[in-house]
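Paired with chain B in one complex and with chain C in the other, chain A is shared by the two complexes that follow.
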Partner chain A sequence: MKLYIAKNEGAVGKRIALDDMILTKDLPTAAGSRMLDGYMSLFDATVVEKAMAAGYAIDGKLNVGEFGIDLMGETSYYGAIATDGHLVSAAAAAIEDGATAVLSLDVNGAPRRAAAQSGTVCVKPTYGTVSRFGTVPAACSGECVAVTAGTAADCEALLDVVAGYDAKDGTSLPDALRGEAKPIRRVAVLTALTDGVDAETVARIEAAKAALSKNGIEVAKIDGGELIAARVAWNILMSAELCNNVSRYDGIKYGYRTPSYKTIDELYTNSRTEAFGAFLKTVILFGSETLSTDTYMKVYDQALRVRRVLVEYFKSLFETVDAVLLPACSTCAYEENVDPELAFTENLYTAPASVTGLPAVVFGGVQLIGDAFSDKALLQLADLCEKEGK
Partner chain B sequence: MKYETVIGLEVHIEMATESKIFCSCSAKFGAEQNEHVCPACCGMPGMLPVVNRHVVDLGMNAGMMLNCHINRTTTFDKKSYYYPDLPSSYQTTQWFAPVAVNGTVTIETANGKKDIRIKQIHMEEDAGKLVHDDWTDTTLVDFNRTSVPLIEIVSQPDLSSAEEVVAYLERLRSLLRFAKVSECRMEQGSMRCDVNLSVRPEGSDKLGVRTEMKNMNSLSAIVRAIEYETARHIDALENGTEELVQETRRWDDIKGKSFAMRNKETAGDYRYFPDPNVMPVVIDDAWYDSIKASLPEFPEVKRARYIDAYGLSEYDADMLTQSRALCDCFEAAYAECKNAKEAANWLISDCMNILNKSQKTADQLTLDGKALGELILLVLDGKVGRGNAKKILIAMFDEKLDPAKYAEEQGFIVSNDTGAIEAIVKTVVAADPKSVADYKNGKEKALMALFGKCMRELKGNCDPQVLQKLLKDTIDSL
Partner chain C sequence: MQKETLNRLQKLNQLRLTDAEETNVLSFFAAREEEMNILNSIDTETVERMVHVMPIETVVREDKVIKSFTREQLQAGAPETTDGYWQVPRLVE
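Moving on to the complex of A and B:
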C-alpha cells in the first residue's frame, strides 16, 4: 500500500500533489501500471508548468488505478490504498498530509467518487478549458484534469491557475469562450439517478437541497432518466479509446519488456500479458471488439450518437434550470476487495459529465453538473453551501 | 477466351511541407537517423497532435488539381496496427471524411484519351523506416519519416494496362509537381504505389479475384509486376494452375515474381475510429478560395499558350512544361525581356547544362527569372557579349545578383570605341599574314581564326558584327 509513488521531499510552501496520470520530468510517472513502472517523461504536463509558475510546489505523485479507469485506485500495480477494509481516497489523504490541492486525470469519475466519499471538493472542468497536454492518454474524448481540495475556494484558486488555452492541445478552447461565471439560481434534482443509492447518500442529497434552498436557490425535481444512457455510451467510448491509447506500449521503445521472447509477436504479447492487470485487459478486449469492422456501426457509432443526443438533452434542460444535482456514487464507501468491474456500473453518476464534456463539481458528498463554462459558478455555489454547513 | 485486366491504384505521395503533420519536426528527406524526432512523432504518452495547416492546404490543392469535390468539414481517424515502425501503434489518417472525393484524371496513351475516376484523396502520417542488418541479424528503426505528411490518392478500378498505369502515374506526378504538392520522387520514396489487380473475361461486368501488390516505387518494376500478375491470373483461370485468392502480394523485382504475403483471413482489422484529439477541420470560403486562386495552369494549357501566344516551337514548349520551376522562371524572364525564344533557349540549353553539371533536376532551379530577363536584354542590346553573359549566368546560380552591375564590376561591358577595336584588329592581322593569305584564297575558316584572336584580345567585350565588319574592311584594304 503506497500513497505516494514518488515524493518530492524538498517541496515547501503551497504544495500540491499530482495523481500518477500527470507526466512530470523530475518524478517518474507509472499511470498505476507495471508497464510504465519507473517511466521518466521528457516533459512536464502543461498543468504542472502552470502550477509551478504560479508558485505551487509539486509534493509528489499519488497512487492511481491502472490508467485511471477504476473505482478508486484498487487496480494499481502498487496496490490499493485502504483502511478498515475500505478503499481510501489518495487525494484526501494527501490533503490531510498538508497538500493544498490535488490535480488528477478524471477518466472514469474516480476523482469525483473519491471526493464524494472523503468529503472533499472536486471540479471536473468543462472539456477543453484545461490542457490535457502531458497527461497519460486513456479516454481522450472525455477525460479532463480535475482539481480536488479541502475547500471550494482552494479548488477554484488552483483551477484559475491551470485553466486556459494551450496551443499544444488541439482540443483546447480559446479563453474568450470561458467568460464570466453566471450565478446559479435554479437547480433540479435528477430523481432517476437518486434511486438505488444507499441511505447515507440519500441523506447527503437532502442536506444539499436544504443548503441550496437556504442560499435562495430554487430547487426543483426532474426525472432525467435519459441520462442513464450515458453510462453505456461512455463505457464503449472509453474502452475503445483506451484500447487504442495503450496499444503504444509494445515493449519496443520504453516501458516494460518481457525477458522471454523469440519473435516480435512474442515480444509484444508477452510484454503486454505480463505488464497489464486483469481489469485493464478486460477493458482492452471490450474496446477492441467495439471497434472491429463487424460491430463498429452497431456499437461504437451508436455510442457517438448517444453522446450527441445527451449534449442536446442537457442543452434543453439548461433552458429551464442552471444545474442538476445528483450523487457521484451509489455508496459512501467501497470494500477493499471490491470487483473493479463495478466501475462500469458506478459510473452511472459520473458518465453524464464525462460523455458530454460538461463541468461537474462534487461537494458535501453530492454532485452538481452545470452548463459549459459554468465551472466557477458551480464552485462558488459549493462555497456558499459549505459555509452553510458550518 | 480473351481477358481484360482491371487495375486500381493507391498512390502515396509525401507532401512538400517544412514540418511534419502533427508536430514541428522537420519533414525533410536525408537527415541522419532519428535526427528529426520528438516525443510526439515517437508516440510517447502525453503528446497531443496539432494539425499542420499547410498540410490541409496541400491536400485541398491536390484535390482541386484532380477535379475532386472538397469536403468542407474533413476529419482525422485512427487506424490501429502493430509494427515496430509505427511508434504509437496507430496511424492518424482519414477514413470517414477525407479531404477530397470524386475526381477525375485524364490520361493519354496510344489508344487516345481516357478519364480515370478518383475515389478519394486522404491525408495521413507516414510510418518510420526499418533497416534490416542481415549480418548481425538485427533490425534498427529510424523515426525521421514518422508523421511526415502523405496524401493517398485512391483511384477507381478504371485502368486496364501497364501502359495506362504509367500514363496515370506520370500525369499525377506532373500535376502535383506543378501544384507544388510534392516532388513525387519515386527513387526517394516520396511517391509509392499499391497496385490492385484482377482479370476477367473481356466484356464481363463482374470483377475477378483481386490481389494487391504493395509499396511499388519504380515505373519499370510496376510494368513488370502488372505483366507478371496478369499472366499469372490468366494462367490460373485458363489452366487451373492455382486457385486465386484475395491477398496481398510482394513483388520481387530481381526474381521477377510476386509472392503471397497475407490473405483475407490473416489480414488485421484496422479498427478505424475518429481521433478525438484532432478537431474536425472546417474549410471556410476564404480558405477554399485562397487555395483555388493559387492553383497553377495545367501543364498542357501552359504548353498551348507558349506555342500560340509566345510562338515557341513544340519542342521548346514541351521542354519548359516538364517542370513548374522552368515555367515560372521562363514567364518571369519573358516579362522582363519580351523575347520568348531567347528566354526559352537560355533555360533549355544553358540553365539545364548548369543544373546537369551539379546533378540537379529542373525542379531544383532557383534562378531569379527577372534577373535572367535582364541578362538577356544586356545581350540583345549588345551591351554584353554572349560568352561573357554565360559566365554571368553561372555566377547567378551561385548568388543573387544584378546582372548589369555584375557585368560592370567584372569588365564585361562591350566597348563602342571603334578606334580601339581597329587598333587591335590591325595588330592581329599584322601578326598573322598566313591566315590573311588563306582567307584571301577563299578559306572562310581563316577569317574565323582571326576573328577569335581579336575577340580574345578584346576579352569578349565587343559587338561581334562590328568586329566582323572592321576585320573584313581591314583585310580588304591591305
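Moving on to the complex of A and C:
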C-alpha cells in the first residue's frame, strides 16, 4: 500500500500533489499500471507547468487506480490505499499530510467519489477549460483535470491557475468560446438519482438542501430519470476510447516488456497480458467489442447519439434551474476488497457530468452539476454552504 | 457472448485471459448487454451523433520546425535498444 508512488521530499511552501495520471519530468508516472512502472516523461503536463509558475511546489505523485477508471484506486498495481477495511482517498490523505490541493485526472468519477467520501471539495471543470496536455490518455472525450482541496476557496485558487487555453491540447477551448456563468439562484434535487443511496448520503443531501436554502437558493425537486442513461453511454464511450488509448502499450518503445518471448506476437501479447490488471483487460475487451463491425452502430453509435440527447436535456433543464444536486456515490465508504466492476454502476452519479462535459463540484459529500462555465459559481456556492455548516 | 467472440477479441487486443478471467469477462459483458435496454429505450433516429461536447473543429496549426527531443531522450524509456534502434525480435527468418 503506497500513498505516494514518488515523493518530492524537498518540496517547500505551497505544496500540491498530483495523481499518477499527470506527467512530470522529474518524478515517475505509472498511471497505476505495471505497464508504466518507473516510466519517466520527457516533459511536464501543462497544468504542472502552470502550477509551478504560480509558485506551487510539487509534493509528489499519488497512487491511482489503473488508468483511472476504477472506483477509488483499488486496481492500482501498487495496491489500494485502505484503512480499517475501507478504501481511503489518496487526495484527502495528501491534504492531511500538508498539501494545499491535488490535481487528478477525472476519467470515471474517482476523484469526485473520493472527495464525497472524505469530506473534501473537488471540482471537475467544464470540458476543455483546463488543458489535458501531458495527462495519460484514457477516455479523452470526457476526462478532465480535477482539483481537490480542503476548502472550496483552495480549489478555486488552483483552478484559476491551471485553467486557460493551451495550444498543445487540441480539445482546449479558445478564450472566444468560453462563456460567462450566470449566478446560481435555483437548484433542483434529482430524485431519481438519490434513490438507493445509503442513509448517510441521504442525510448529506438534506444538509446541503438546508444550507442552500439558508443562502437564499431556491431548492426544487425534479425526477431526472433521463440521466440514468448517462452511465450506460459513458461506459461504452469510455471503454472504447480506453481500448484505443492503451493499444499504444506494446513493450517496444517504452513501458513493460515481458522477459518471455520468441516472436513479435508473443512479445506484444505477453507484455500486455503480464502488465495489465484483470479489470483493465475486461474494459479493453468490452471497448473493443463496442467498436467491432457487428456492434458499432447498435452500441457505440447509439451511445454518441444519447450523448447529444443528454446534452440537450441539460440545456432545457438549465432554462428553469441553474444547477442540479445529486450524490457523487451511493455510499460513504467502499470496502477494501470491493469489486472494481462496481465502477460501471456506481458512475451513475458521476457520468452525467463526464459524458456531457459539464462542470461538477463535490462538497459536503454531495455533488452539484451546473451549466457549462459555471465552475466558479458552483465553487462559490459550495464555499457559502461550507461556511453555513461551520 | 460466444466464446469464439471472446477469443477473437483477445487476439485482436493482444491479450490472453485465464479461465477465471474469461468467466468474469463473460459476466461483465452480460451485464453491459442488459443495460443496453436503457439506451435502446431512447429514440435517437433523428438525433445526430455527438463526438465532441464542445464546438471545436479539428485543430490544425502552422507546419513549422520546433525544437524536439533527441533520439537518446526518446529512447531512454525503451525496454531494449541497439545502436540507436528499438530492438524487436527477428520478423523474417
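Keep this in mind: the second predicted complex is superposed on the first by the 384 of 390 C-alpha atoms of A that agree within 3 Å, B and C clash if a C-alpha of one lies under 4 Å from a C-alpha of the other, contacts with A are read in each partner's own complex, and residues count from 1 in each chain.
The rule is short, and it goes like this: a residue touches a chain if its C-beta (ideal position, glycine included) is under 8 Å from a C-beta of that chain, and two chains touch if they have at least 3 such contacts.
Since the structure is predicted, the reported quantities are computational estimates derived from the model, not experimental observations.
By the touch criterion defined above, A:Tyr296 lies against chain B but remains apart from chain C after alignment on the C-alpha atoms of chain A. Of the two partner chains, neither chain B nor chain C is touched by A:Pro125. Looking at the shared chain after the overlay, A:Ala229 reaches chain C, while chain B stays out of its contact range. By the document's definition of touching, both partners, chain B and chain C, reach A:Lys253. Judged by the touch definition given at the top, the superposed model places A:Gly73 against neither chain B nor chain C.
After overlaying the two complexes on the shared chain, residue contacts for A:Lys281 are found with chain C alone; chain B is out of touch. More residues of chain A are in touch with C than with the other of chain B and chain C. Of the two partner chains, chain B and chain C are each touched by A:Ser141. Looking at the shared chain after the overlay, A:Asn244 reaches chain B, while chain C stays out of its contact range. In the superposition on chain A, A:Arg307 contacts chain C only, with no contact to chain B.
The intersection of chain A residues touching chain B with those touching chain C, taken from the two complexes, comprises 42, 141, 167, 170-171, 247, 250, 252-254, 264, 268, 288, 292, 304.
Taken in their complex, chain A has these residues touching chain B: 23, 31, 36, 41-43, 45, 132-137, 140-141, 167-171, 240-241, 244-245, 247-248, 250, 252-254, 264, 268, 288, 291-293, 296, 300, 304.
Taken together, the chain A residues at the contact with chain C in this complex read 39-40, 42, 127-128, 141-142, 167, 170-171, 173, 177, 228-229, 231-233, 235-236, 243, 247, 250-257, 261-270, 272-273, 276, 278, 281-282, 284-286, 288-289, 292, 298-299, 301-309, 311, 341, 344, 355-357. Taken in their complex, chain B has these residues touching chain A: 39, 42-51, 78, 80, 82, 84, 87-90, 141, 269, 271-274, 276-279.
Interface of chain C with chain A (complex): residues 1, 5-6, 9-10, 12-17, 21, 24-25, 28-29, 31-32, 35-36, 38-40, 42, 44, 47-56, 58-59, 61, 69, 73-74, 76-80, 86, 88-89, 91.
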